[in-house]
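Below is a structure I'd like to ask you about.
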């Protein structure tokens, strides 16, 4: 730890803050603060990426950082906030079941990620190798968010949070994917964000609520 | 080389242009014809490409961006072919939907544009050399179809589409993490960073990849692409998505997209095999067998005709995954053959089921009766298709299942028992539901439909042909692909 | 050990200054709070006046009060002063370093709390029992968080001894440790809960049904109350010094020379002034939480401490 430069240490601190935003997302039950937290995660991610780019002299990572900033920190949160305001969801509060348990489960997941990532961390020689476990944790915490929540907005944030984690993984494990792949993924994310927006309107029209628990007509048991 | 590029470009660009053309013209009455025309051009390009590959072995096109060998070129042809026949069916079907007021012109426009978009993403996924692009295209295929699943905007269809979107999104995210890990492993053995995800480059150095990272990467990729293949326990989205959308979409989802996902999985397995030995194959066998057995039992419980065939898709994808997992050349050959015949039969079945649904005005199997009396072509199509998918001789599925059982008997003898039992249970489950639907007296108040049985007839005839004799060219392809995947020829 | 006597007298002096200065910190916090709330502030030595007033008053005992009730004020003060003695405040490398262990510290504070809860139940009033049970609930949630925080720090420094930890942190220079970021925030939250400040408990009122600490000492008066009040003022200071030691040790005297001791004292005063200001800010900006929100608050503190531990394990331990 002490052998790292101040920049290296900053990267670690930023990484832990990103992990913290993931936990905070799990604890947050209101739509608008949730989206703002997600935007903060995007900003942190962009800053981390830029810092990695600067420290390791990987100019292509600047592009990725800009892409993240534009897409994850600005555009998607803006879209979501607009939708939430338009659909009048800003006052809705979700009542997650056993939130303390969920958070403990999230901590357990983080430990699990650490275990999983150990072999990779051992192999890697990169400055950011310790962060790989954190990136995987962000992915899995996003998944947890989707599983334990029932509001469509929260699930979308969980989905995007997973994307954040994946992008983060690419940055810290390999200093980013090849540019063509990164652009492709960003394109997919953009399309997904737009589709999610359209979906909100559809769900709203068809079941008059954005509570996914109400989407339960299709089940295996006979009516 | 250049002839390959000259043919690959239209193969990808024609559907892409189709998206734009149909986004503009998709609402007109001629849109169905345009759709058919575009699909036909795509098929011609794929056939041309196949001829070139047949002559040259494999092709590296576009500076290495695309890689075509015997394995994917036959899937390209299959995709383009089923794309065309389903387009033929879809023209009449969608006009009928319009006439019944179930879709408006705007949605028809969306439908046509996205139909071509979906074909494009599948063709891109099959032909790309870059494993990252493969992921992008797979996700793109989900994105292209998700709006089609909810095309009718009923609560059920919206729910199905949401499930499809979220579950597949979550699943495929694991695959991206796996791809990152793969890139991580590849970076250490491939010095050119931009080429480290090129399949042909990686394949050449596959035995140098780090085993610890590769095992992790393989598990993530298996979970990710396995979700898209519909492997149990990640299959929940599949019956919903395949049953709630318009029938042509069900046909291409079940017949083609599952194949493409499995293709991705097999490509990954080829990379993982040299370092991991038996592990990838055994994992695939386990998942495949589990999916097969679970789906077989679920067949009995279905009430919705399209859900019935969706579960049948899970069953067959399980079988193929098992076959590829087995890894011996005979099993690989059988799985490749099974991919083809299953695609053809399943899309034919969905087309027949679509007609039956239009006839009865419902998807509930209890309310569909006496199809043969009411509309002989539809009834016979459904019956013959079901018999074929259940694995009766002389259809092609019998051949591939027989070969698969033979291969299992040779390498894992005791596993033939659950396979055989599963096939019997599946047969009972299918016939139990289909028999009352096709025989007996039709229900009152059915309106006749304009049935377009051409795709059904062509598909089932091909399946029959493949059951009786595999054409030399096709056999040549299959053997080539088998050699690529499992290293040896089955004979 | 020529200077052994000097060292011991220095240590004693440190403790004396510590306990004597504790009411001043409380006075300072009240002053800042008044300033933030645009009120006329009481003089900064007001807590001393209150203590003096209480010491002058007679002790009134309830009829049912047992020896526990009578001895508790002394036990509480003794335990708290011992805890204060364990802390390196102005200087490290004093003879008290031998017991300057975080676990000892937590133990002393737990002892004080234990007796306070017993005494609260001793008289048998409704408020006492209720407050004791609440105090125990808060403690049972706050202590694991605190211990995890302590473990994180001791894993970093390789010891639970505070003096060693301070030495380690001073020695490694300015290092950004993600674990410390979380642990600091978590520990601050624990400190707020443990010292009975807003938003967990309100130290300034006896009127709410939600009181915790004040409910326990409701039956005390005169000298006894003075001792307990004094102990809780010392406790507030202990947390301030602990947090300062662990996260901002710079300035603390590591050599026992006059200039460095002087510098240590000035640094300590500055840090405590900052800590007091921070608490006053928090108390001004947050409303008192409803009692059933307190577990949530402490859960977050626990989670933060746990995250600190995780980030330490994952991010900082070199492979």
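Read from first to last, the chains carry the letters A, B and C; within each, the first residue is number 1.
We adopt the following convention: a contact is a pair of C-beta atoms (placed from the backbone, for glycine too) under 8 Å apart; a residue touches a chain by one contact, two chains touch by 3 or more.
What you see is a predicted model; the values in this text were computed from it and never measured.
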Could you run down the chains that neighbour subunit A and subunit C together?
none
So which chain ends up closest to the centre of the protein, judged by Cα positions averaged per chain?
A
In terms of CA centroid distance, which chain is the most far removed from subunit A?
C
Separation of the C-alpha centres, subunit A versus subunit C, in whole Å, is 38
Rounded to a whole Å, what is the gap between the Cα centroids of subunit A and subunit B?
31
So, in whole Å, the Cα centroid of subunit B is separated from that of subunit C by 66
Two or more other chains touching the same residue: where does that happen in subunit A?
122
Help me check something: in the complex, which residues belonging to subunit A touch subunit C?
1-3, 6, 9-10, 12-13, 15-17, 19-20, 23, 27, 100, 103-104, 107, 110-111, 114, 121-122, 129-131, 133-134
Would you tell me which residues of subunit C are touching subunit A in their complex?
172-179, 181-182, 295-296, 299-300, 303, 306-307, 310-311, 313-319
Hey, which residues of subunit B end up touching subunit A in the complex?
130, 132-133, 135-136, 139-140, 143, 146-147, 150, 153-156, 158-163, 165-166, 169-170, 173-174, 176-177, 179-181, 183-184, 187-188, 193-194, 196-197, 210, 212-213, 216, 239-240, 244, 298, 301, 303
What residues on subunit A touch subunit B, complex-wise?
116, 119-120, 122-124, 136, 139, 142-143, 146, 152, 155, 159, 162-163, 166, 169-170, 173-174, 177-181, 184-185, 187-188, 191-192, 195-196, 198-199, 202-203, 205-207, 212, 215-218, 220, 222
